[in-house]
Structure formats: C-alpha cells, structure tokens
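Here chain A shows up in two complexes: once beside chain B, once beside chain C.
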Partner chain A sequence: MDTPSVSAHKLRQQHPQKHSHYKFSEFFQFNATEGTIADWNGSRNIITSEHFIIGLLEGLEEEVGAASAAVMYSIGVEWGKQDSLFFDQWFEREYNIRPQQANLMFLLETWWWPFTAQGWGRWEIDMTDRQQGFMFINLFDSAVARTLGDVGKPVCYLYAGLYAGFFTEMVRKQLSCIEIQCYSMGETYCKFLLGAKDRIDAAAFWLNEGATASDIENRLRAGYTSS
Partner chain B sequence: MLSHIETLIREVDGRYATDNELLFMQNYLQTARLRFNAYQKIQKSERAIIQQVKQKLKATEPQLLRRGKADISAKWQRDTVRVLRFCAHAMLVADEEGLEESLLLWFQSIMRAFKAQQSCDITYKTMQDVVRQYLTPQEAELFCPILARARRLLGQ
Partner chain C sequence: MTDLTQVLDAQGQPLSTLTVDHFFQQINWSGTQQRSARENSGAPETPYDTVGQFFATFPWQGATAAPSARRLAIDIDEAAFDQLLAEDDALTLDDLSALF
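After this line comes the complex of A and B, so read on.
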C-alpha cells in the first residue's frame, strides 16, 4: 500500500533518468531511523500481510454488509483519480515529456509498473475494442483474489475502482469498470471490463444472469448494450 | 553471484556456511578470469558489435528498423546498447537472475507496448552469432546463454 509522502529516494536523486528501477532493492528505500519505506516515486509504502487484506475486507463486510463491494470500489476510484494526478507528475519528471505526448501503451505500462513492484500483480491490456468504447484488462496475481482464494465470486472491487478512477481522470470522461472473471471464481487470472456506464451496467446484468467473461465479450462485440 | 551472495547471507544467519553452500563461490572463481576478459572485450567492441548486428538486420529484415515511414534505427540502437551492457554486467558478476529483475521483466513489457518483440527476437539471435567473432569459445559459452535469455524474454 502506498500513501503520498515527501520522502526523498536517494538512489533516484543520484540517477533521476534511470528507468529500469523496479528491482526490489532499488525501488524501495528503507529508512531505518524513521521506520518508513519510500518507493522510487516518493510514495510512502506500508508492507502488509494477507491477514491484513482479509481483516480489511471482512471488517468492512461486518460494518456495512453487502455494500462493502461498493465501498471498496469507491475507495479504488478515489485512489485511481489521485494516482493519475501523481503519475502525471512523476512521468513528466522521469521522461521529460508530458503524458499526452507519449505512446499510449508505453504510458500505461509505465503507470502500472510501480503497482507490479508493490505486489499488486502484473497486467495485460487488450485495446482491440477501444474504438467501440470499451477495453479489457487481464490481471495476473491479484493481491486480493490470491489472498481470499476460491470463494466462487469476483472479489477485486478495489482494482475495478482503481482502473475506473485512473482512466476517468486520464481521458477526462466518466468511465466505469467491472470484474467479469476472477481468480477467486476458480479462473487462472482476473479480467476487467472498462467502459461507459451503460456498457458496464449491461455487463453486470449479464454477469448476474450467469454469463461468462467470454459471453460478455461476444455480446459487447456484437453490439448488444442491454439484455 | 550477487543473488547467491544475498541468499547466502540470509540463510547462514549466525553460523558458518557449509561447503555445499560455498560451492557457487568456487564455481565463480574458476570462471572469473574468463568473465573479466569477455567483459573487457565486449566493452571495447561494443560499437562494432552493434553496427554488425544493425547491418545484418538492415540486410535481412529492414522493416524492423522502420515504423511506417519513420526510421527508428537510432531508438533500436539505444535499446540494444542498453541490453548489451546489462547482459555483459550480468555475465561479469554471474547474475542472470538479477538481470531479469533489474531489466528484462520491465523491458519486456515496454517492448510489448511498442510491439517490438519480433525485432528483439531477431536482434538477440543475430547478436549471439556476432559476439562469437569477438570472444573465445569458452567466453562465448558464458555470454551467449545470457543473450539467449534476453531473446527469450524480450522476443515474446
């Protein structure tokens, strides 16, 4: 987990243009005297165990019941929006170009790498349907799903919110996101659908009716937006 | 080597290391001179190696150095020099695993973002042939598997 901080990363100060800095011992800076951990971009990090994730999710569920999914999603959205602004700053500082000038896929890979280094998993973006207004994100090793194991339903609401928030801020257009396949449903990886709210609502409806990720993909590609 | 040393420090923790645990150091010492020589040769011949690889690419797969109408050979050269240097360093310190963590895994996603896998595949395959002209067979035996690893990761 990371929170904004002003902690300076000494290695980054020495090598500000170094891009391949995701090795554990380089990306994180352990400040023993202060008892803090800063990452390459100056965020303060906290190392947590799987018990923490379980505690967070179960505690939330106990407090707000079924609304916990929506709460996690909202937390993700806010996180994604904030992180988009933070990313703009460090991207420009590191690459000396504005994010809008960069190759889109390169930009997105660069955004996600700190998350990979922090243990949130690796991803793969499928932009084939971008012109149609939606795209898919495959996530390998979700920290949430890996922790909860096979519980028979999607659990990565935090990630769905994170993607919705980040992309909404990036393209300046309201976007939503839904997890349509999850490691916690016994699948090998998680899959998210990102797009306008009407499409995501339709996907949520199909998912409730028992549709699989590939059913949803096919229906969206065939142009359906409702039942 | 460096990854091995880190593991050794972690594992030994307040006792003496066993002979078996120190075996990697003996193996390293046996090849250290070779690694050092090969490293210096690559350093001295970097320019020639890169130029030769580029010429071969131009002759056989010229489209790999262009994106549409744009000539991307300068960018190709920057990327290739970077990988060659990291690989040479990994050979010097015998740390192929560290190479993945410090460069290849990140660079793989960047190469995919630019759809440069085919270019990487051919570049690091060609480079294995080219460096053999500059190294002895024993030195090449140490270095080429590292280039092969770079090819495998970046080329897919």
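After this line comes the complex of A and C, so read on.
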C-alpha cells in the first residue's frame, strides 16, 4: 500500500531519466532510521501481510455486513482518483510529456507498473471492444483474491473501484467498473468490465442472475445494455 | 522442407515435449546463417531462421488469458489484426474518452 510522502528517492535523484527501475532494490528505498519505505515516485509504502488483508475485509464485513463490498469499491474509487492526479505529475516529470499526448497503451502500462512492483498483480488490457464503449481488464495474481482463496464469489471490489476512479479522472467521463470473473470463484484470473454506468449496472444484474463472464461479454457485444 | 514449428531430437524424431531450452537451441541468433547454406553444409535442419520467426510462434497471450471471440476472428484475419495494432498504437487518452 502506498500513501503520499515527502521522502525523496535518492536513486531517482541520481538517475532521473532511468525508466527501468522496477527491480525490488531500486524501486523501493528503505530508510532504516525513520522506519519508512519510499518508492521511486516518492510514495510512502507500507508492507502488510495477508492477515492484514483478511482482517480488513472480514472486520469491515462484520461492521457493515453486505455493504462492505460498496465500501471497498468507494475506497477504491477515491484511491484511483487521487492516484490519477499523482500519476499525472510523475508521468510528466519522468517522460517530459503530458499524459494526454502520450500513446495510450504506453501510458496505461506505465501507470500499472508501480502496482505490479508493489504486489498488486499483473494486468492485461483488452480494448478490442472499445468502439462499443466498454473494455476489459484482466488481472493476474490479485492480492485480495489470492489471499482469500476460493470463496465462490467476486472479492476484488477495491480493484474495481480503483479502475473506475482512475479512468474516470483520466478520460474525464463518469465510468464504473465491475468484476465479472474472479480468482476467488475458482477462475484462473480476475476480469473487470469498465464502461458507462448503465452498462455496468446491466452487467451487475446479469451477474446476480448467474451469468458467467462469457455470457456478459456476449450480451454486451450483441448490444444489450439494459437488464 | 521441415515444418518450421517442429523440433527434432538427436535421432531426428519430432519431440513430443518442448522445453524453453529446446526452443533456444534452435535459434540462429545472428540471422546470418541462411537456410540454403545450412542445407548445403549438411548441418541438421533448424526450425527458425531468425529470432523474429521464433518469437512469431510464441503464445504471447499465455495459457490463462482466454482471447475473446472477436480477438480470435481478428487473429485469423491478418489484415484486420494489423489494422487493430495500428489503431492501438495511435490511441491517446482523448481517443479513449471519446469512446465512452
């Protein structure tokens, strides 16, 4: 997890133009005297165990019940919005180009690399259906799903919120996101659908009715947008 | 001519199980050793002439990523695939914004 920090990364100061800096020993800067960990972009990082993730999710569920999913999603949205502002700054500083002018796939891969380095998993963006106003994100090794294991339902609400918040800020359109397939449902990877609210609402309805990710993909491609 | 994707063992029989080592042993890394020269020298046939040819056969999607039906159709139609790649390369945030 990372939080804003004032700690500057000494290696980055020495090599400001170095882009391949995701090796563990380079990306993180351990400050033993202060007891802090800063990453390449100046965020303060906290190392947590799987017990922390379980405690967070189960504690929240005990407090607010089924609403814990919405709470986690909302936390993710705020996180994504804040991170897009933070990303705007460090991307331009590192590459001397504004995000709006950059190649989209390069931009998005650059955004996610720190997350991969921090242990949030690898991703793959599927924009095949972008002309229809939606896209898919495949997430491998979700920290949340990997921790909870096979519980028979989607659990990565934090990620869904993160993607919704980040893309909403970046494209300046109100977007929503839903996880339509999860490692915690026994699948091999997690799959998220990102798009306008009406499409995501429809997908949520179909998912509740027992539709699979494949069913949802087919219905969206066929042009169904209402439940 | 030998099938480009077929790797043979020391006895010249097709291997049923391939390892990364097998692949890398078959690559003519420099690309300077031409097929005709190899054939004339009597050296064993190698399946890949260049590194690019080798990587073109690699399953980049991985075993876990299931390609969409449309993606599969595009994979079959080479021209459509090239067009999609060109479109992807030219996309910016503003283009993405216009799609939603």
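The rule is short, and it goes like this: the second predicted complex is superposed on the first by the 226 of 227 C-alpha atoms of A that agree within 3 Å, B and C clash if a C-alpha of one lies under 4 Å from a C-alpha of the other, contacts with A are read in each partner's own complex, and residues count from 1 in each chain.
As a working rule, a contact is a pair of C-beta atoms (placed from the backbone, for glycine too) under 8 Å apart; a residue touches a chain by one contact, two chains touch by 3 or more.
Values in this document were obtained by computation on a predicted structure and should not be read as measured data.
J.: Counting touched residues of chain A, say whether chain B or chain C comes out ahead.
T.: Touching more of chain A: C.
J.: Could you look at A:128 and tell me whether it touches chain B, chain C, both or neither (first, second, both, neither)?
T.: It touches chain C, and chain B stays clear.
J.: After the superposition on A, what does A:109 contact: first (chain B), second (chain C), both or neither?
T.: In the superposed model, A:109 contacts chain B only, not chain C.
J.: With both complexes overlaid on chain A, does A:195 touch chain B (first), chain C (second), both or neither?
T.: The answer is second: A:195 touches chain C but not chain B.
J.: With both complexes overlaid on chain A, does A:20 touch chain B (first), chain C (second), both or neither?
T.: Touch status of A:20: first partner only.
J.: Can you give me the overlap between the chain B contact set and the chain C contact set on chain A?
T.: Touching chain B and chain C on chain A: residues 103, 105.
J.: Quick check: in the complex, which residue numbers of chain A touch chain C?
T.: Contact set of chain A toward chain C: 99-105, 107, 124, 126-131, 133, 136, 138, 140, 170-173, 175, 188-189, 195-196, 217-218, 221.
J.: Residue numbers of chain A touching chain B in their complex, please.
T.: 19-20, 22-24, 26, 103, 105-106, 108-109, 113, 122
J.: Taking the complex as given, what residues does chain B use to touch chain A?
T.: Touch list, chain B to chain A: 86, 98, 101-103, 105-107, 109-110, 112-114.
J.: Which positions of chain C touch chain A when the two form their complex?
T.: Where chain C meets chain A, its residues are 64-65, 68-71, 74, 84, 88-97, 99-100.
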